[in-house]
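I have a structure here, written as structure tokens, and I will follow up with some questions on it.
Order of writing sets the chain letters: A, B, C, D and E. Residues in each chain are counted from 1.
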Amino acid sequence: MSFMQINDLKVHYPIRGGFFNTIVDNVYAVDGISMEFEKGKAYGLVGESGCGKSTTGKSIIGLEKISAGSIIYEGENVTNKRRDRTSAYNRDIQMIFQDSHSSMNPRKRVQDILAEPIRNFLKLTPQEESRRISELLAIVGMPEDAKLKYPHEFSGGQKQRLGIARAIATNPKLIIADEPVSALDLSVQAQVLNFMKDIQDEYGLSYLFISHDLGVVKHMCDYISIMYKGRFVESGTKYDIYENPQHIYTKRLLSAIPDITPNGREDRKLERIEVERNYQVEHKQYFDENGRVYNLSPISDTHFVAATSSALKGGN
Amino acid sequence: MVKEKDNKKEQEIVSAPPTGFQVIWREFLKDKVAMFSLIVMVVTIFGVFIASLFFDPAEVMKVSLRNKYAPPSSTHWLGADIGGSDILGQLIIGAKNSLLIAIAITLITGITGIFIGLACGYFGGWIDNMFMRIIDFFITLPSLMIIIVFITIVPKYTVFTFILIISIFGWTGIARLIRSKSLSESRRDYVNASKTLGTNDFVIIFKEVMPNISSILIVEATLSFAGNIGIETGLTYLGFGLPPSTPSLGTLVAYANNPLVMSTYWWVWLPAALFILILMLSINYVGQALRRAADAKQRLG
Amino acid sequence: MWKTVVRRVVIMIPQLFILSLLIFIMAKNMPGDPFTGKITPETDPARIEELRELNGLNDPWYQQYVRWMGNAFQGEFGNSYTYKVKVSTLIGERAMNTFWLSLLTAVMLYAIAVPLGVLAGRFHNSWFDRGVVLYSFISFAIPTFVLALILLYFFGYQLSLFPTTGSVDVREAPGTAGYYMSKIYHMILPAFTAAVLGTTGIIQYLRTEVVDAKSMDYVRTARAKGVPARKVYSKHIFRNSLLPVAAFIGFTITGLLGGSIFIETIFAYPGMGHLFIQSISSRDYSVITALVMLYGFLALLGSLLSDIIMSIVDPRIRIE
Amino acid sequence: MKTSEELLVIKDLHTGFRIKDTYFDAVDGVSLTLRKNEILAIVGESGCGKSTLATSIIGLHDHNKTRVQGEILFKNKNLAKLSEEEFNDVRGMDIGMIFQDPLSALNPLMRIGEQIEEALIYHTKLTKEARVARVFELLAQVGIPNPQRVARQFPHQLSGGMRQRVIIAIAISCKPQIIIADEPTTALDVTIQAQILDLLKDLQAETGSGIILITHDLGVVAEVADRVAVMYAGQIIEEAPVEELFNNPKHPYTRSLFNSIPQMNSDGKKLNVIEGIVPSLLKLPRQGCRFSPRISWIPESAHEKDPVLHEVAPNHFVRCTCYKEFYFKGEEGGRA
Amino acid sequence: GDKKEDAGKGTDGGTTDGGTTTNEETNTEQEEDGFSISVENEGTAIEGGTLMVAMQKDEPFQGIFSYALYEDAYDADLMDFASNSIFKSDGDFLLTDEGIASFELTEGEPNIVTIKIREGVKWSDGEPLKIEDLMLPYNIIGHKDYTGVRYNSFFRNIVGAEEYHDGTADTISGLNKIDETTLELQIKEVSPGLFSGGDGILTYAEPSHILSDVPVAELVEHDAIRKNPVTLGAFVIDRVVPGESVQFKANENYWKGKPKLDGVIVKVVPSASIAKALEAGEYDVSLSFGSSKYVEIENLTNIDVLAVPELYYSYLGFKVGKWDTETKEVATDLENSKMGDVNLRQAMAYALNVEEVTEVFYDGLRERANAIVPPVFSSFHDASIEGYKYDPDKANQLLDDAGFVDVDGDGIREDKEGKPLEIKFATMSGDDVAEQISAFWLQNWKEIGLNVVYTDGRTIEFNSFYDKVEADDPNIDIFMAAWGVGTNPSPSGIYAHTAAYNFSRYTSENLQTVLSNIDSNKSFDATYRAEQFAAFEKEIAEVAPVVPMMYRLELTPVNKRVKNWSVEYGNTTITNLELVELVADAPVK
């Protein structure tokens, strides 16, 4: 049973212009997406830069104004209540930011950074608070003495762990992770990803994992949605997406990911060129006359593709 | 983990936020000129305030005609002006007044500018729009002229009204700068993080955003302080300065308008002019050093 | 771009309107009026009262304002009480003087500031750079009129190299080459002074701009292309650093116009700034209001000009 | 391989940055050879000295704060000793460079055509017309449709991928023998990255020049490189032809890296973790195997005192013999 | 003119009287305080040459070159070189018949003034001078479109002037052309002032052949006035740089013969540079030279400084009443005024060390004024009046006796009831010297135990000052101001009970009688008039509603190149410009 549903979410940014600086058009940053979240599952959001991934995440957590659509959390419509800072919703949904460095106030010590959600959401005594902070540090595998330090004294991976500690301080149900590892080196990335998986299992967390790195998403997520121009082109379990991609855009994306082996790279290159050619040719069938992505339609229980049925047949 | 501990030990040395006092201090240690300026600045400012305790304004401004343009001597260390009033006393009290005026203007414009700038940058939207229109309007005002008209209007023209009038026009620049800083700062993830962590806007503005632009604030305050020191002199020259009975640097410097005083009675205007020059120079150098300290890219040390 | 220009102009209208209201109310609140200065034992108080009435000075301020606005719309700003000529004629005369002075100042200003700023940036942290910084600080720290007075004293009085007052020699017949030479000759000292005082901002701006530009990626690209250092500076660094400075020309000129109050007063140069100070003391309302409006208008125009220049020189704005 | 094909030979290169009056070597004793017709990839994590190496080769470092020692031999010249003027003849002419961020690497105020043409002005004697023709040719060569129009456009009018193509066009404008590409695709989306990589490879096949490709993405390496050098903390710790390295990585660091790639273990198992962090320039261990602090389970005795590159297989070099002791501490990711 | 307190800039507000510029000629006077009134430089005169004249002034001049329309004394100074005056006056400022015109008075109802002009006088453009040219100024000033101050009570004294002004008559009925050289002017009342150019008589001509077609409203901006006015004077305006300088060339048609000089250049020179400019030999003569600048030129060897007493006095005024706006009369109220006690006023006058100020600041170029009529009017000035010489002891004595004693021992006197006494002092702001002097006065009063403070805490800018003083601002108890008196010495304009400018608001029956006597036709008898003047001076001196402070000398620096120059009233060189010669090609450095 999902604890949260997102229905036809839209975020439009006005473009002002014309003589009186009126709204002449909109940027359809997010243009009608629907999702459901189940406990303990990780959902991946993949797409090219600028396709609206971050906006989706931010609008869910309340950092962006939603233009249309609704968010139902535990049966309650919270679309317009997200901005009530200390609501239960805000406590239960937390976020991990891409740039761990800039997501922490450089002038605050670690203990104050970690205390922020605790003070806002949980009414604890100072002793309890400090105990909780130590606990959190222990969870993310950082020593006690980190409390008194400033963020810049930590490496990227450690900072990201502190970010995670802060996000889990209030025992949230869903953590939105917006490219949590893309700024990190391979070796550090591995630490953080492992760690995120650990606490997911331990606390039954759900993730909305935003990334442009398909490898990472595949590693982390149970369900994956491929986003293009503010809409989903394809959505399904990771097997659906990786083993049985249906949408031409998904295929193109997948073919572009380099493999970590030089063996057979010439073949891959040929395949890539083939997919690219297909994309140019069949492109029309997958997008309507305005270049907009069609609505998703199911092709299995878990697998949804945005295309006309004729395209699907042709694509197969 | 063992090794990591070692790493941490090494880092302990720099346990301060990246824009803390150490950084500033290091910057000064690196830059001899700035260091020297800092000393000059501190010494002059404190010197003026302390020395002014030894002068009685009424006594200093006493006209003693027989001492008209008395050259420097043991009774009048820096000579006397046209009315035979002691230049040193006027210089000290005038400097004190100028400093107080500068401080007051800096504070008033600074605080207004900071409040408005922070709010505009953080909230954006109509608040920002409204204030930006107002600021745009102010910026295109021919402020010097309007200040002059203002000054001719106020019935009781005192140091206090002077400060107010200047401040009316002074806050916009600061507000603009703070706004742009606050704007970029407010778009940073730590602000977003605080929002998602349930902190309310005012706490974010004053406890998160403001401390992070504090270095800019200090730099701006310093530089605008330097600018404000000289503000009275120009108006005095044009005849719209403080009342002549108030000792002021402007009055002293404005004596230079007379070529005879400029060349023959140099002791009347030169000390005040030099005072302003040296003080503004040193504050400027200090401000620049602070600016470098605030900007990691430009740091020397 | 024309759209932006037109929009800016449209926005200017309410701004000017507010300014006019503001300045009008303020002017009317100044103690005294143009006829206060006419008091002598032989003038007739009754006649002065009559003249006040005649000039509508006894009406409520809003009536005066409406009347004034009405005329202003038709380009009539009334007559100067002091000079007995149309304000437009009077200001026109002075504005030309100020305009030429500002223009020469701007030329000198850029002639001084650009090379200094650019070279200081290029030879960052060298002795030359330090010298330039010191110079720019001093020109900022020195009270405007002190420098003017010192220059006036040395070049004008002591060395007698330049005239110390006026805008032109009356012996030169208007329209002759000598006349224009004389005009320029009279402007050199005030323009130079104003230029020196105005350099601070531009020098510092340019200097940091050049220093920043040096570490820009596109400069690295240019060097990687094998472009000789000299050319890297001239074609990439300087050009890019000068762009914002060029865009500020509009603001600079309005700034100079505003600063003309000091320069013109000190050099007894009959321009707008000088006229303003004088009108303040003679309570020449019509001139005061018209001047403030003109300055406001010029400031708006300056910012508009800057925008236009910016959009012309910067392809990023030009080509949307 | 035939030595006659050697384009560039780097011998014991040290590049140090002056920090508080002492020089810290960010590149610490690197020796490399680039041959004609090959793509040499240099991989390593952030801060290991890849860019420093590249800028030393092309002489773009800040001469006041940087010290370059050692030999960079190109056409019998030691590039490390060239004066700025002499270097200008080499840069752009013999060595082209491609940068990471395609937006900032182009002058926003110059037309694309001018920017490409610039290199031609200083390195060729072509007439204006000939240069313009060459510009169009180059643009076409890097796969830009409608070169005539693009040449007249400004950088901000092009997309990221297009800009990167323009930068490549600049780099190849004088048919250089060597192209250095410093993370040419990091800022791009995967689809565009694939296109750019293909383009690079095609160009190289056409011109026969040698390419030094700097990246931290092993996937990119796998796709295009002929030979790979892995850098860690300013040193090359392993160097081998690409198949050899991917199929048979030796150095513990290389192997750890491979094991921490999520893609390599898609079943959601735990990734291998390299403990600790890449040491900062000031804290580089200057003796012994530099990776040793991060693999505490390998006994100190297994590391060499002054590790050198050992040829462990034909053309496969590994620094430090500790690889013989290597096994993964963790159970899950162990592949040894 | 209304010479205000000399601001040291030599720039006073607009001077607006037609009289100062009339021609005078009398016998030589003695040297004034060691200054000469004329110089003669030896040497052979050069042929032609251009006289360089500096006019000390901090603003541009207005440039209204018409006697009927100008408002600023500086314009009058400029016009001296291209004068349209038809009368010449003597050392007592009385009109003579040596000029272009002469006049006669026939008393009666109305009084008839007959003005005759010389024959053969030509304008600078060669047109002969006509009677219409004499009538034109009347028609301009009387015109309803005329916006200047000269349409005043004097002008209304002309028969038919008001009707013409109101538009009920097309011409001024009292103004009649008798023949080609004779003009008849009817005036309602006649006073001795007539003979110094008062009572409505105008002393200049305007070129009707040029101006009569120009509507009066447009005159002031007309080129014939601004740029190239024709003239009856020795020179004619050749070129004007507005506000800055004027170039004159010799008037070929000058009735006394072509001048010896080729031309004159007058330039505005700011007070700051005047001394330096004179030193550098840039100018031959300096007009309106500020006396506080004297120190700067006193040692120059290339110039002589001429001096003549000015028609001016500064004074200290005490507010002893109010202006009744209903009756338009002065309502004196000595009883209830703070300054009502004559001892207090006198004490305050005795307390001022005017002597020291004149010596230190003005190098003797000013002197303490003893009486309310300046000594220039030698026949009316009463030299026997002692005045208020600096005498702090006497001041203290007066206050003690009058009951102003220090009851609480703080060194400050309380009023007669023992309540704190704070006297509010209004004075104009000015240059450094003026400010210092004001501060010095406060100090002087403090020395006799009086607590005098500035109204509004500072010296007051000129406009506000007169606004407040005229409005009897309650914040003003005493004030310091100055009058520039016209050539007509009659004090009615500022001391009559009907004079709005009677700022101290003092009047008495005696005073009223004396003042009307001064201007009555009995006063055509000079001795009678002198007696009345003495009575007036005496009353003011005794009651002290106004205490004269200083008289001043007007200085004229003259370069050694000028062959001779005189500032003697009635015989000033300015009225004989055709005779000026130079002895060198350039001013001596």
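Basically, a residue touches a chain if its C-beta (ideal position, glycine included) is under 8 Å from a C-beta of that chain, and two chains touch if they have at least 3 such contacts.
The structure presented is a predicted model; accordingly, all values stated were derived computationally and were not measured.
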Both-way neighbours, i.e. chains that touch subunit C and touch subunit A: B, D
Centre-most chain, if every chain is reduced to its averaged C-alpha atoms: C
Greatest separation from subunit D - chain, by CA centre: E
Chain pair with the most C-beta contacts: C-E
Mean-CA-position distance for subunit D and subunit C (Å): 54
For subunit B paired with subunit E, centre-to-centre distance based on mean C-alpha positions, whole Å: 49
Distance from subunit E to subunit C - Cα centre to Cα centre, in angstrom: 39
Chain centre separation (subunit D, subunit E; CA means) in Å: 92
Multi-chain contact sites of subunit A, meaning residues that touch two or more partners: none
Junction residues of subunit D, two or more chains touched: 277
Set of subunit B residues in contact with two or more other chains: 152, 155, 239, 257, 259
Complex interface listing, subunit B residues touching subunit E: 61-63, 65-66, 68, 81-83, 152, 155-158, 239, 243-245, 255, 257-260
Of all residues in subunit A, those that touch subunit B in their complex: 58, 61-63, 85-86, 90-91, 93-95, 97-99, 102-108, 116-117, 120-121, 143, 145, 148-150, 152-153, 163, 166
Footprint of subunit B on subunit C - complex, ascending: 15, 18-19, 22-23, 26-27, 29-31, 130, 137-138, 140-146, 149-150, 153, 157, 258, 261-262, 265-266, 276-277, 280-281, 288, 291-292, 295-296, 299-300, 303
Complex contact set, residues of subunit C against subunit D: 216-218, 220-229, 231, 235-236, 239-240, 243, 313-316, 319
In the complex with subunit D, residue positions of subunit A that touch it: 48-49, 155-157, 185-191, 193-194, 197, 212-216, 218-220, 242, 252-253, 255-263, 265, 268-269, 272-273
